Structure formats: C-alpha cells, structure tokens
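What follows is a set of structures for review.
Note that chain A is present in both complexes that follow, paired respectively with chain B and with chain C.
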Partner chain A sequence: MQISLLYGLNALAAALFLMTAFLFLASRQTAGSLSLFVRQALLLSASALLQAYALHSLDLLLVAVITVAAKVFLIPWMLRRSLGGTFQSRREVELAVSVPTSLVIAIGASLVAYFVSQPIASQMPSFVAVNLPVGLAGLLISVYALAVRREALPQFLSLLMLDNAAFFAGVAIASTSALWEIIAALEGIIVTIIVALLTRTISERIGTTQVGQLAGLREEGSR
Partner chain B sequence: MILLLVPLLPIAAALITLVPAKPFVARGATLAAAVLSLGIAVWTAQQVGLSGAVTALPHWVGSDSLSVLLLLLQAVLAVTAALYSWGYIAREVGADEARERRYYLDLNLFITSLFLIPILLQPALTWVAVELTTLLSVFLVGFNRSAEGLEAAWKYAILTIMGATVAVLGILLLLYGLHGASPSAPETWAALSGAAPKMSPNLLRLAFVLILVGFGTKVGLFPLHTWLPDAHSQAPSPICALLSGVEVGTVLYVILRLLPVWSAIPHFPVHGWLIAFGLLSVGAAAFLLLQVHDFKRMLAYSTVEHMGIILTAVGFGQAGSYAGLYQLITHGLAKSLAFYAAGAVLLLYRTRAISEVRGLLRASPFSAAMLLAAALAIAGVPPFAVFLSEFSILRSGLVAGYDWIVALLALFIAVAFIGVMMQVGRMVFGEGPAPNGSLRLPGSVVGAISLSLLPVLILGLYTPPLLHRLLTLASLAISR
Partner chain C sequence: MASSLLVNLLQVLTVVLLAPLYKGTLAWLEETIQGKIAPSPLQPYYDLRKLFRKSQVVSTEASWIFRFAPYISFVVPIVVTLLIPVLTSFPLFFAFAGDMVGAGFILGLGGFFTALAAVDSANPYGAVGASRTRMVSLLVEPIFIIVFFTVSFVANSTIPYVVQQQWVQSSAAFFAPSHVLLAAAFVMIVLAENGRLPVDNPGGHFELAMIDESKNLEYSGPALALVKWAGQMKLMVLSLVFLNVLVTPLGLAASPTAPALATAIVLVSFKLLIFAVLIAAIETSLAKLRLFRISEFLGMTFVTAVVAMVAAIFHM
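Our next item is the complex of A and B:
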C-alpha cells in the first residue's frame, strides 16, 4: 500500500474522530453517547493500525488490538452490565449549556488546538501533524462536555472520550512504548469498574444518578 | 532490592485483610506493614545521604534525594494513620467487621499507590501510579456513604482523573521529544532532564501547560481546586490526613521532578509561572479561609494555601526550593496532626460545623490543646516546624529580589493565619453546649495525635543533618 494512501486514510480517520467528538457534544441520550464512544475508539484503533502498517511497528499493532478489546468490547459490556437501566432510559440528559452554543464553543476549541499544535506539528512526521491537533481538539471538547453534563454516566462517558483523545494524539507521538499503553488500557478498565461501582452506589443510596442534583457541597464564596 | 519491599508490604497487609478474621488482625497487619515500610524508608534515606541515589531495578525502581524525602513523609504518615485508624474506625463502623476489613483493604492499597510514585523511575509509570492513588482512594473518600460523602467521592474521581488524562498527553509529548533527542535513552526522569536542552522548545512548552494544568488539578492549585475541600473534608479523618498531608504533595513532587526539563526551555519564564500559580492559590485559599463554616474544610483550604506557598518558593530559585521542600515535609506533618485533632473533635461533637463546636477546652482539654497546637503549627507560628520553613521561604524570596512577591505572600499568609486562628479560637475558647458524642477518646487516637506532634515540634527547633543533606541535594537537583 502506498504511504500517501495511508496518510490519506489516517487523515480520514482523524476527521471522523473529530466529528464523533462534535456529535457526542450534541448527543442527549446516554445510549447514543456510549455508541459514539465505541465508534471513536474504533477510529482510534484504526489510526493505530494504519501507523502500525506504515511504520512496521508491532507495538502499535498491539495498541490497536488492546484498544478494540478494552474500549469497543469490554468497557461497554461492563457499563451495560452494571448500569443497564440507565442506558435503557430514553430520557434526555440534562445539559448546563444548550447544544448550539456548545457546538460553537467546540469549533473555537478546535481552532485553539490547531493554532497551539501547529508550531510543533509542522516540524513532525505526517501522522503526528494530523493526530496531535485532532487529539488536542478532542481533549478540549471532552473537558468541555464533562463540564456541561450534569449526570453521572454522561460525565463518565465524557471522561472516556477524553481518554480517547489523549491516546489519539499519543499513538502518533509515542509509538514505541507498548508496555505502558497496555498498563494504561488495563487502568482504563479499572477506572470503568470503579466509576461504575461508584455510580451504582450513588444510585442506590440517593436514588438518582443526576450528580447535578447533588449540591450539598458548595464553594464557600458561592453559598 | 530492599526498596521493592516498600510497596510490597502494604500489599501483603491488604491480602491479610481479605481473611475473614477478627478486625484486630487487619489493624495489626496494616500497622506492622507501615512500621516496616518506615524502617526501610529511613534506611534508604541514609543510603541516599551517603551515595546520592539507590537503585533497586535499573531504569525502573530507585530513589534519590528528592524522592526519598517524599518516601519518608509518606511512611511516617502511613504509621500514624494506621495507628489512628485502629480506634477511630472501630468507633465509626461499630460491630460491622466486614466494613472495617474493607476499610483496611482500601487503606493499604491506597498507601501502596502512594509509595509507588517516588520510587518509580519512569514518568509514564509514575503517571499510572498517580491515577491509581485516585482510584484506590475513591471509596475511602465516600466511606461514610452519605449523600455528601458520595458527592465528594464523585467530584474527586471525575476531576482528578480528568486532570491525569490531560497530563498524560504532556508526558507522551516529553517521551516523543526524548526519542527524538536521544533515541536509545531509557524513558526515565534522569534521561528526560538530560535530553531536554535538545528537545523542541514548542513541544516542551505545550507539555508544560498540559502537565501543570493536569497534575495541578490533583494538587488543588487554584482555580482547579474545587474538588479538594469536598474530598478532604468528607473522608474519615485518617484518610484526610493522608490526602492532605501527603497525596497532594506527592503529585506536586511529579511537577517538581520535571523542573530541570522546563528550565531547559529558552526564554521561557518557568519560575514566573510557578510563582503566578502559587501566589494565586495562596491568595484565593487565604480569603476562602475567612468564610469557612466547616472545620475540616478549613484544613483543606489550608492545604491549597500551602501547596501554593511551596510552588511560589520553588519559583524563588535554589534557596527557595530548599525551603519549599522543607515546607512540603513540615506541612505534611502539621496537616496530619491537624486532621487527627479535628477527627477527635468530630468524635466528641459529631458535627463538622464550626458554629456548633464551642467550649472545647472544657469538654476535652487534650483535644483542645492538640487542635490549638495544630492550628498554630499550620498557621506558621514558632516554635513549630512550618514557621521555620515559611520564614526560610520569605527570606529566600527577598534574597532573590522578589520583594513585592514576598510582601504579597506574607500578606496572604497573615490573612490565612487570621482565618484559621479566628475559627479555632472560637471552637476552643467559645461558650456553648456540651458535646453530643462520647467524651472518651480511643487510646490509639490519643497515641497517634501525640506521636504526630513530636516531629512538628522537633523540626521547628532542629534540622537533623541527614534531612539537611537530602534537602540540599534535592534542591540542587530541581534547580539546575
């Protein structure tokens, strides 16, 4: 396969990756958000796979396989198993900011990511030049998504999207460290188990997963 | 190789807690593991004092002057927290033995994750250990299972994991720069510092922002501090002591570890950034301390203040770094004493509301004296250790020519002093109803508080030569 075709396919994966981040921001149902997370993880592993092929890197191939196993199969399965009821709910997730406003902010965040990473990416190989700004944009959008969601599970899904974004840039810039990518993937699974347990405990004890309604603790100046 | 036992001992204790035996087995195993870990930490400190570094597994596990300082602090607090927990948690859980064993399981795993951070030589693995500190302490923060406790645990988990995920991109960028500058170099802290001058300044700047913001969230630097007063006030008191006394300092250590890397960026005012973030945190925390209504939240805001002081001190240069690292130790010791004393007050009054605790001196002279001593210690009053470190910080700032910064810092420290002493003064000397809880404190609580007071007093009057040597070596290492 020609290298320019691999670059082109990676750029396509990056464009779709960024699009899923925008769609996630617009998504108002938990099941839909989980499905977007899975698709984004698939795009992350596709990018790793393309780079593995282009750079003849066994490490990156391993990263792609681990990403699919952990994020496409295991984590969604664990979340559905422990919090199935929340995913079946058709109720719309409560957002602190309207979707159109959030999308405008996401465009701004993408521009910031582009201009911040441009001086670095321009001196780097083509894969990094694409993955770094897209990963950084995904990072900013996910932090914003986390801030405006007021329910436990959508907040956690934002955190998982944040992880995807960091590793989308990561697979391009640290393509030789498979060991700790494996550890990071295992840790992602631990994060999911612990947060799912915490969400279930909150739901059992308080009767809701709407963390926005938990307002017993307030900053002193805002009381 | 003996250094490897430091994280293995609490893991062994955690395994023992899984045995459905009487609770004293879990309590004893936890305390024994902590005491043995302290012994190894002291031995390691002596070796580092002699040779500069100890290596257990080359490029993987080892310790130098900076990391062993932290390891010592962690081990001391692990001992006092295990001792304090003995009676405190037994009273909290009552006859629920399974819950008590679960507490000790979580406590040992949390201590393991803390011990890993200073002894791991690779930044990527250290990042994993930082993540583990959050994951393994989430259920300790929400241990009381109240709505407020679970809310605090949720904020703690989400915000600090978010911070760590932002920081990981910074670490990946550094590793990329390392591979470009020295392709065959191991991915260690030392290799990063050595290769930094050959890395792209733009790459280093972006990594700096991501790591400072990411780990700064976990350190509780303003304005990323919002989770800290919640988590550090809702957890059981021995956990608060570990979170405030050592966990935030441990993550600050990771930021400090990278100072030689940031200093290699040409025309980049890294010290200016540290002073700006530090001073902002001290100022915000000082004024929040004046408005606080919950005595454990008051101590948590004081932690934000002290982290800011340390960051500002490091910005002053090598002498400031020496004093800042000393403050990292003295604050950890004083803050653990403060949370233990606050826990005793909580056992007596069954409330964290400052307005509902009055006349403590009459109700429990021991608790009153210890709370007052702890408040004076964290407020930086002589002869306590924090006074010595804060005085050294202010002096180093003046010597380095940061007159206005020092003036502002001194003003904020004075405001924080007023905030803490005003609230504690009312609790100790004020007039009010008698406490609701039992007036008799568990023996282990009294023992742990008394034990914690000793180093806070001693280090205010005398700096042991080994500690002075380690501080000197560490401050030189991060100020290169």
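Our next item is the complex of A and C:
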C-alpha cells in the first residue's frame, strides 16, 4: 500500500475522531454517549493499526488490539452489565452549560489545540502532524465535558474519552513503547470496576446518579 | 463561445428535467428502506402535471409578492445552475459571472421571497413556517460562509470550477481532516436547507410541526407546481455542489462533445443516486429534532465547519 494513502486514511480517522468528540459534547443521552465512545475507540485503534502497518511496529499493533479488546468490548460490556438500568432510565443527561455554549467553547479548544501544537507538528512527519492537534483538541474537549456533565456515568465516559484522546496523540508520538499502553488499558478496566461499583452504591443509597445534586446526606432529610 | 453557451443551457435543462426524478428516487429509496410500499420514482412528474392543469386560487389578502414569489423561487436554482459545474470539468460561459458566495446570495434571495409570500398570504401557518425557515436559514448562513472561507483558504478561489480540482490532486488532499470535516458539514447543510430530517420531516402533514412545507400551504395549481419544482431543483443543485465541487469532481465531461456530455449525464446521475442512498440512510436512522434542538444540530455543523477551516489553515 502506498504511504500517502496510509497518511490519507489516518487523516480520515483523525477527522472522524474529532467529530465524535464534538458529537459527544452535544449528545444528551447516556446510551448515545457510550456508543460514541466505542466508535471513537475504534477510530483510535484504526489510526494505531495504520501507523503499525506504515512503521512496521509490533507495539502499535498491540496497542490497537488492546484498545479494541478493552474499550470496544470489555468496558462497554462491564458498564452495561453493572449499570444496565441507568442507560435506559436516564434518557437526558443533565448539563451545567447549554449545548450551543459548549460547542462554542469546543471551537475555542480546537483552535487552541491547533495553535499550540503547530510549532511542534510542523516539524514532524505526517502522522504526528495530524494526530497531535486532533488528540490535544479531543483532550481539551473531554476535560470540558467532564466538567459540565452532572451525572456520574457521563462523567466517567468523558474520562474514558479523555483517555482515548491522550492515546490518539500518544500513538503518533511514542510509536516504539507499548508497555505504558498496556498498563494504561488495564488501569482503565480497574477504574471502570471501581467507578461502576461506586455509582451502583450511590444509586442504591440515593436512588439517582445525578451527582450534581448531591448536596447533603440522606440521613439529614434533604431527600 | 457558442458551444460553451449551449453546454451551459444543457446543464440547466439537465437540472430542470432531472430534479423531480431525483426527489422521487430519494422518496422511493426512503420508503423502500423503511419497508413501506413506495410511490414510483416518477411520482413528482405526475404531481407536477396534475398541478399545472388545475386552476389557481389566490387569497384576497395577498399582494403581488404572493403572485411573483413562485416565479422567483423557480428561477433562482436555474441561475445558480449556470454558475456551478453540473456536467463539465472546464469552465462554461457564465462560470466567472459569480462565485460560490454569489450563488449563496442568489439562493438566499429565493428564500427571502418565499418567506415574504408565506407571510403575505395571511395564513397563520404560513407566517409560522416562514419564521421557522428563517430561523434555520439564519443558523445555516454562517456555516455556508465558513465553508466558503475554508474553500478559499485551500483553493485560493471561490469560483466552483477552480475549487473542484483541488481536493482530488492527491489522496492526502482528499483525506485531509479539513476536507472530511468540510464534507460532513456540507451534508448537514444540505439536510437543513432542504427541510430534510433531522431538521424537518419532508413527509409530515401536520401544520404545527412543519417548517419547510408550510411556506407553500396557500399555493395551489401551477404556482404550487412551480414552488415544488423549485424545491426539487434546490435539493439537486446543492447535492451537485457537494458532489461536483467539494467531494467527487469525477466523471465530468472534459470536452464539449456529445458523447462526452452524454457519458457525463449518466455518471452524474449515478453519483446523485449514491448520494440519495446516503441521505436516505441518514434520514431513516434519525428522528426529527424538536424545534429548539435544531440550533444544537446546526451548532454542531458550525463547529465542524470552523474546525475544518482551522485545520485547513494550520496544515498549509
């Protein structure tokens, strides 16, 4: 396969990756957010696969495989299994900031990402030049999404999106070491278990996972 | 000179005559995908023929604007057709008479007059529909402008015939993030501007929920035929801008000869068919948004377009 075609397909994956980040910011449904996360993880592994093929890197191949296994299959399965009801019962996620305002802020975030990474990216080969600004933009957007979501599960999904974005830039920069990727992927699973258990406990105790409204304890009679 | 003018007229004829078929095929595809018994793709032609034979009723409240608006909205897509590449990859007689911004202005003129006419008819639903259409157009306008900015950053021009060659020079240019995002934003604009799902339901017959359709409620007979035909041409013109200028300027005639042009008509129809399948798939998988959620959909489109522009600037 031609190297320019690989560059092209990677850029396509990057563009779609950025779009899923925006869609995530604009989505109000928990189930939709989860499926966006899965798609974004698929795009991340596509980018890693393309780079593995182009650079003949076994490490990146491993990264792609682990990403698919953990983020496309394992984490969604675990979340659905432990919190299945929450996906269906809460159709509309509560947001601290309205969606149009968030989208304007997302424009600012992507502009900053492109501006900041320009001096580095312009010196680098094409994979980095594409992945670095997109990953950085995804990172900023996920941090913002984390701040404005007022419910535990969407917040956790933003955290996972943040993970995706960091890896999206990461696979392009550090294409020769896979160890930290493996650890990070395992860490993601562990975090999932912890958060799922925590959310379940909160849900059982208080009857909701709207953490934005957890002003007082139940014993004090606030609910 | 003369041949280029003739080809330009052929382009107009292609759009005028094939637009109902395009809309009909789109409706047929959608209904078939949704498992309904679909009307024939030729149904729009039958509708137009029926409407042209009927007599026209005009409200006593209506002024000259109401009578003139159908003609204006019918002429507007034709004028735009003169400016864009429909069948050829070389510039034609009117190619440099106006650029994409000019084409946007001309389409805006048509929208302005149909909105005025809807208010003019004194039908309350007309005014509601007109104000909603204006709301959607108001939100679409900046996205159009950002798309044109992106195009001019990449191609150093906004003349459609110059722009069309830019994206297919290399696979890197074709798959560049700016191009992918731009194409995605333009698809969403095409949906919003033509009253398709998720912004408006083209099959809906409930006046209170209508956006695009309710402008035409007071029209009847030949005037309604013209308005409908204009809507079909607008959909086709925007699809052609998407296909021939922004994404796949392939299969176009390179010389003004009859065989080349005939092949181009077939290939362009084929591209339109594929685009119709894409629109049908999008429309089947999405539900209509509530009116105040439309701003979120178009905000999403705006962000996509802006990031396309940012990526175009920084990747140069």
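As a convention for this text, the second predicted complex is superposed on the first by the 214 of 223 C-alpha atoms of A that agree within 3 Å, B and C clash if a C-alpha of one lies under 4 Å from a C-alpha of the other, contacts with A are read in each partner's own complex, and residues count from 1 in each chain.
Operating definition for what follows: a contact is a pair of C-beta atoms (placed from the backbone, for glycine too) under 8 Å apart; a residue touches a chain by one contact, two chains touch by 3 or more.
Source: prediction; values computed, not measured.
In the superposition on chain A, contact of A:22 is made with chain C only, not with chain B. When the shared chain is aligned, chain C comes close enough to touch A:100, but chain B does not.
If you count the residues of chain A touched by chain B and by chain C, you find the higher number for B. Of the two partner chains placed by superposition, only chain B is touched by A:159; chain C is not. In the superposition on chain A, A:58 makes contact with neither chain B nor chain C. Taken together, the two complexes place no residue of chain A in contact with both chain B and chain C. Touching chain A in their complex are the following residues of chain B: 122, 124-125, 128, 131-132, 135, 138-139, 142, 145, 147-148, 150-155, 157-158, 161-162, 165-166, 168-169, 172-173, 175-176, 179, 187, 200, 202-203, 206, 226, 229-230, 234, 288, 291-293, 297, 301. Those residues of chain A lying in contact with chain B across their complex are 116-117, 119-120, 123, 128, 135-136, 139, 143, 146, 152, 155-156, 159, 162-163, 166, 169-170, 173-174, 176-177, 180, 183-184, 187, 190-191, 194-195, 197-198, 201-202, 205-206, 211, 214-217, 219-221, 223. Interface residues of chain A, counted against chain C in their complex, comprise 2, 4-5, 7-9, 11-12, 14-16, 18-19, 22-23, 26, 99-100, 103-104, 106-107, 110-111, 114-115, 118, 121, 126, 129-130, 133-134, 137. Residues of chain C touching chain A in their complex: 170-172, 174-178, 180-181, 184, 295-296, 299-300, 302-304, 306-307, 310-311, 313-315.
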